[in-house]
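Report on the following structure.
Labels A, B, C, D and E are assigned to the chains in the order they are written; within every chain, residues are numbered from 1.
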Amino acid sequence: MHYVLIGNGIASIGAIEGIRRQDARGAVTVIGAEDSPAYGRPLISYLLAGKIGPDQLALRPEEFYKKSGVALKLGTRVLRVDPKAKRVHTDKGEAVAYDRLLLATGGKPFTPAIPGLEGPGVYNFTNLDHAQVLISLAKTMKRAVVVGGGLIGLKAAESLFDRGVEVSILELAPRILSLAFDENAAQLASRRLMDAGIAVHCGVTAKEIRRDETGAIKGLLLTDGLFLETGVVVIAIGVVPNFELARDCGIKVDKGIVVDETMRTSDPEVFAAGDVAQAKDLLTGDNRVVPIWTNAYNQGFCAGKNMAGAHEPYVGGLAMNSISFYGLPTMSVGTVNPPEADPDYEVAATLDEKKQSYRKLVFHQGRLVGYVLVGDIDQAGMYTAFVKFKLPVAEETRRKLVSGEPGVLLWPDEFFNQTWNPGTD
Amino acid sequence: MLFRPVNNNYHDFVIDRDKDRCINCKVCVRQCSYEAHYWDENRQRVMHDNSKCVGCHRCEALCPTAALTIRKNPSEFRDNALWRPVFLKNIYKQADTGAVLLGAMGSPVDIPCYWDHLLLDASQVTNPSIDPLREPMELKTFLGSKPRSLEFATARDGSRRLKTKMPPQIELRYPIMFSAMSLGSINYNLHLAMARAAEETGICYNTGEGGLHKTLYRYGPNTIVQVASGRFGVHRDYINAGVGIEIKIGQGAKPGIGGHLPGEKITAMVAETRMIPLGSDAISPAPHHDIYSIEDLLQLIYALKETSEYRLPVSVKVAAVHNVAAIVSGIVRAGADIVAIDGVRGGTGAAPCMIRDNVGIPIELAIASVDQRLRDEGIRSQASIVAAGGIRCSADAVKAIALGADAVYIGTAALVAVGCTLCARCYTGKCPWGIATNDPKLAKRQNPDLAARKLANLIRAWGHEMEEMLGGMGLNSIESLRGNRDKLRAVGLSREEMDILGVKHAGN
Amino acid sequence: MKRVYPNKDFCIGCHICELACLTAHSKSQDLIIAYTEERTAEGLSPCKRVFERGAQCVAISCRHCDEPSCVAACISGALRKDPETGRTVYDEQKCVGCWSCLMACPYGAIRRHPLKAKIVKCDLCQGREAGPACVQACPNQALVYEER
Amino acid sequence: MATRARKQLTLDARGVYYRQLNERIRQAASQGVSRFVLNNVNGQRYIATGLVGDLVFDIHGVPGQDMAAFMCGPLIRVSGNAQDGVGNTMDGGKVVIDGIAGDVIGYAMRGGRIYVRGDVGYRVGIHMKAYMDNVPVIVVGGKSGDFLGEYMAGGIILLLGMFSDKRCSPITGRSMGTGMHGGVIYVRGEVPEEQLGPGLHAQPVGADDLRTIRGIVKDYARELKLDGEDILSGGFMKVRPFSHRPYGNLYVPA
Amino acid sequence: MKAAHRDFDFQKDISGCGIFGVIHKKRGLLPGEMPIRAMACMHDRGNGLGAGYAAYGIYPEFADKYAFHLMCDDEAGVDAAEQLLRRFFDVAESEPIPTRRVPAVRKPPVVWRYFVSPKKDRPAGYRSLDELDYVVSVVMRINTRVPGAFVFSSGKNMGAFKGVGFPEDIAEFYRLEEYSAFIWTGHNRFPTNTPGWWGGAHPFTLLDWSIVHNGEISSYGINRRYLCENDYECTLMTDTEVVAYLLDLLIRKHGLSKQMAAKVFAPPFWDEIERMPKAEAEAMRALRITYGSAMLNGPFAILVADNSGLFGLNDRIKLRPLLVAEKDDMVFMSSEESAVREVCPELDRVWMPKAGEPVIVNLEA
């Protein structure tokens, strides 16, 4: 059995570990476009901020691939997949035969149509090359503008700011973090960034990038007419699934590559996982693309096991984000902005501005379906349990959850025992 | 310290906290059910109130840095051989409250202990001692009425068939049983532990007078069910649940006195098992009100035999009192198959101190005189004798058997095995060792897995020691020890005492 | 693999497991120094956590799940499954303090280091001859370390 | 129940030792006999003791001690007097005595009913207890001796004082309800205060009590062919425990 | 009912021994020389403080009479005993037991024998007893009440001969070579503590039971108390007497077979009982439960003879030696094979019985 994995990100790591759980022998080949071994993409901001060195990027120790019996083809792009012949063709002119194929090609940065975008000085924040360029630029660069007030944008802003760059953030929505967080959380985060010295502009975006005659960026004209002087623009609006390979060879795609519950694509020998896949969502049960780190690993792991002969359905991904701004940790899990008109939802929120602490719990029909924590995050996992395991929330439990005292003893007895004391009465 | 009765300061114990070792981890605070240790917010450290300490040693045992020592309060009154401090303190308390002094566990006063004045024999040269590790050694004991003689029929093939119908027997792998301690006085975890340990070691435990919880019926082959004056949890299925039925007439710690389980200890489980309402006192009157005379006892014995269709031996438990030999003789003649005798040092969950410390006789004398009396009357084989009340070690048990007992009951020893330190506050329901309490927070301090293992270990350890002692005497079966007073010698006893015990003085 | 299993029916809430854990992971290997000095100076903290609810309590720590959420969530590779021992191993060097694992672990088994942007997690007292210290110290066998 | 065809066994108990008699009954019951007519009973003990299930006994003569002890289910009708210990620790079923009964009736009884038409002796209904739906009932048509309902922890005693030979005696002997900590004793007519145990007082009955009494009397009258309305025409008083923990403050830790 | 108060005050003796027995199944008479030579061969198993023999079939002319062997400190004792004897019995014959003076036998008692039958008209208080109990009660009475007198043999057509000395000395003293018997037993004693008392020597007898015993009965204390409950007084300072009384109780009074009595003395272990067929297990279980106090615990090998035969028995873990040999109609039982070979060099079969397994040889009718 020969497994070929296209893409060398976290989904592939998951897949390797999944395959090996099931099949100790089969050959595994990973084909990655980037030159480096798999690294944590979110670590880019840490690298950029100087919090870690390049040596700390690797997700798995050096011997991982060797011990897992994986052949690596790095710096190699796959040009084409031939599902009939069960081969992939690389830019190195190779044709690699496979028995089972995983498409873990991830996402690519979404780039809006802004005049003046083409040319130097515009970066995105999802690969190492750009990060390295930014690091060297940061020594000389005075100002930068980050387009996008989502998680990536904010981290990019923070890390550049840490390198001594004056940073402005642009967010089209009325507040930053509009997707994953609610207003209160965004407020606290935004306050923390502004207190640190980062300029946050909401409700606006870039109208045009102005360049000088050499093509270098002079600055950015905003939709509200303001002009921000800057030499560098970082685009951090989000990513879209990178599914061209699949589409081109006739594998079914929708918003992402369509997979069944075992992460199998429309081609029975081809699987997909990670940001490119359109897979099950735990809370809704629908298939959608949720480009979340944890989901990527879990999907990869699940795909890996199923590629190697198991038949284990993917339990579904849960949207979750954890991010800190200048030491202020924030988390969001599951449904955090329920439809306002829906009476089945109930929200309990506690805000303590002084302590910079915020807790918001979203209940739906007697269950906890999502939460936001800012500041005091130590109980986060315990809240996650209620969301993830869909545990019943009776009155006492609700009170405890709302007052910030979740705990395993609030779990139903039977479930507790199954979880913590399996194999006993 | 202010604002409280003066005699609170005449407390019995002081808590000695080694400041170099105390890390203020609060383990003691969490363990002390009497709140003697507490977290002092002002001082930001753990403090203690000596007057609340009952001397249970739970904190000392669990203190992870060994910072705690519980000491007797060194404060003493002026020496007075007659008016010892305990008398003064008791009077202060009674003058304050007008109440009866309540105690628990066995009597702490210095009633002579004859075990300590009896020594065992061993073989030397003229007969061999037997090595129990390698040679067969039998402790198996049967409790019940024995026929005087047997009749056999021999079949043509030479095999023998018993013609005599044997009365029902309780078979024990070791001549030791766990005494009656009711569900309620101790908690379910310990009942379960006793049941499991009994099953594992092939002995029996006694339910005590609080009924049998429904989940424990499966331990029936190792259970003796007790019927006491309160008749708690007594019904037909209960009577038939075990391998024997015991009528409790009296208890060594409080002969002639009833029992009284305070409402605090009547939890839902206890209520269900006792078949009484939650939270109301469970009162066991001193007498069975259907037994005012020996013929009434016979009536109850046979009511139970009828109910069990004569399949189960009936035991009668009495306290060792002055006329115990005559009383037991009457009990045997009333149809008891087993007589359990509980001596003055027997334990209890609650007893008026005056009774506990002043009523009854030592079990050693009781066993000796009962055994002799029954032999004199030629009815010794009609009933087995079980000795109870202050059996502290296997040698005590061996001595009891040599004096004439068939087996012994251990209660206090079993509780000590699971941690009891004899602080004697069982009746508060706050037992810090999780024994004499039904408070769920305290009761779970007894993990039945652990407790059962300790109890089974104790039985096996004692069994092994008994085998060693037996082997040393050149015996390989317990029945050759039973009543074999040649194996005992007295030290420091009077002629009269030796006469009653039926033993010679050492050196003779 | 052998794991630590907590029994809530017999956890007495003494917190001795926490102290044992603390000591086992201390430099001094001495409870008094660990608790009074290393805890405040270095932020030494236990991987165990005792939950209480009325009369109930239980001491929990990392379950070393077969398919751990924390590993899936870890962006830095600091957490991973050791294929040989089956343990969920943690490399403090690599941890960047993103708290993703803390959020992802539905068992509440991961805590923040009080002073550093690092997490604290049970390592089953790796290398300790007598096995996990919490199990050894539990006075009521409410924690057991066994194969199930 | 009476209409169903039952397998019946009639036994002449004259001169039969109780052990043989009861053994015979048990054996027959195990073979499906469910109605027993026992004639010439005179002092045989333990009749129906420990028996369970739907059995009916008609006893002619004077049954001996501990009849219906530990019994759970059977119905016993005695067409005469009964001796001591009827319904000892009884669990369920019914005993109807068309005469007088001796001492210690219904000791520690926790279910079922005992109906006595005439007088009863001392210590009747002591230590009766109730749990959940199990509420034992004793009805005494005549008068009772001392210590009625002593230590009572649950259940109902109904004392009528009507069908008595003891014309001059008070309706109950002394120390009624001593140590009572549960249950209720209803008395038809007045309760002499000096006959009550310490701390106890008789109170008038309420509507709920009357409903209970009515229900019991109806069945009692039917079983004994008495005029229920006549019984109910008298006034009733009740005695209840003053505490479910009567001895709570008696002790101080030594 | 008997109040045996202070019975615990007696001290049992503690001794080692050598034993020998022979039986001729067809009642052929074996000369006294046989047991004498056999016992002499085992001289070193004793220390000169006790020896004795029992012989069956030696008084054919008085076969229906109880042969009482009496030993007395002096003539006064004989008179007192005889006076008592005549109150209970008709005496057919009385004579001194023939002896010869032997230098090694010092201070011998006066030994006398009576051939008696119970009086038709018994003294008051003795009329309800059966004949054997009557005989026993008189023996007990003499032994406990008559100072200086001791009945050491009281069965029919048999006799015990015993005293303080080595076996060959005692044989010479009693002129045993002049007797012939179809059962002989012999005993050589090694007491560690008792003074040389003639009554304490083996065999120990009761009626026609005679017992020679090697070993010590560790269960003596309870065996004695059990017997005491059953109206046997143990007063002879020897543990062997409990064996005789127990045999009397179990076989004569309770009607057990010799086989069963042997199982009482040396019962199978509980684990063995558990492996037995059901009926057998039930029987053995009942036996142990009922007769636990009669179990003989400690090291022993015993030979028991009566007018029906000879049986030998070991304790159940075989702490003392016992050997059985056959030659024609003769069966030998002995502590040592050499003793048998000494008197019968050619043997048909020799074996060691299993621990606790009785060897029962009955005389043919």
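Everything below uses one rule, namely that contacts are C-beta pairs under 8 Å (C-beta built on N, C-alpha and C of every residue); 3 or more make two chains touch, one makes a residue touch a chain.
All of these numbers come straight from a predicted model, not from anything done at the bench.
Chemist: Return the chains shared as contacts by chain D and chain E, ordered by label.
Modeler: B
Chemist: Steps needed, at minimum, to get from chain A to chain D via touching chains?
Modeler: Step count on the best path from chain A to chain D: 3.
Chemist: By the contact definition above, name the pair with the higher C-beta contact count: B-C or B-E.
Modeler: Output for the comparison: B-E.
Chemist: Quick one: which chain's Cα centre is the longest way from chain A's?
Modeler: When every chain centre is compared against chain A, the largest gap points to E.
Chemist: Report the inter-chain centroid distance for chain C and chain E in whole angstrom, where each centroid is the mean of the CA atoms.
Modeler: About 79 Å separates the centre of chain C from that of chain E.
Chemist: Please report how many Å separate the Cα centroid of chain A from that of chain C, as a whole number.
Modeler: The computed centroid separation for chain A versus chain C comes out at 28 Å.
Chemist: Between chain B and chain D, what is the gap in Å from one C-alpha centre to the other?
Modeler: 36
Chemist: Distance from the CA centroid of chain A to that of chain B, rounded to the nearest Å?
Modeler: Whole-Å distance between the two chain centres: 67.
Chemist: Sort out which chains touch which and give me every pair.
Modeler: Those chain pairs satisfying the definition are A-C, B-C, B-D, B-E.
Chemist: Please name which positions on chain C make contact with chain B in the complex.
Modeler: 7, 9-16, 19-20, 31-32, 35-36, 54-55, 137, 139-142
Chemist: Per the contact definition, I'd like the list of chain B residues that touch chain D in the complex.
Modeler: Per the stated touch rule, the residues are 90, 93-94, 96-97, 99-103, 227, 229-232, 234-236, 239, 260, 262-263, 271-272, 274-277, 279-283, 285, 289-290, 299-300, 302-303, 306-309, 350, 352-353, 425, 427-428.
Chemist: Per the contact definition, I'd like the list of chain B residues that touch chain E in the complex.
Modeler: Against chain E, chain B makes touches at 123, 125-128, 130, 135-136, 138, 140, 142, 144, 146-152, 154, 159-162, 164, 166, 169, 375-378, 380-381, 402, 473-477, 479-487, 499, 502-504, 508.
Chemist: Using the touch definition from the top, list the residues of chain C that touch chain A in their complex.
Modeler: Against chain A, the touching part of chain C is residues 5-8, 51-53, 56-58, 60, 63, 67, 69, 71-77, 80-81, 83, 93-94, 96-100, 102-112, 148.
Chemist: With touch defined as at the start, can you tell me which chain B residues reach chain C in the complex?
Modeler: The contact residues of chain B facing chain C are 21, 23, 25-27, 30-31, 61-62, 64-65, 434, 439-441, 444-445, 447, 449-450.
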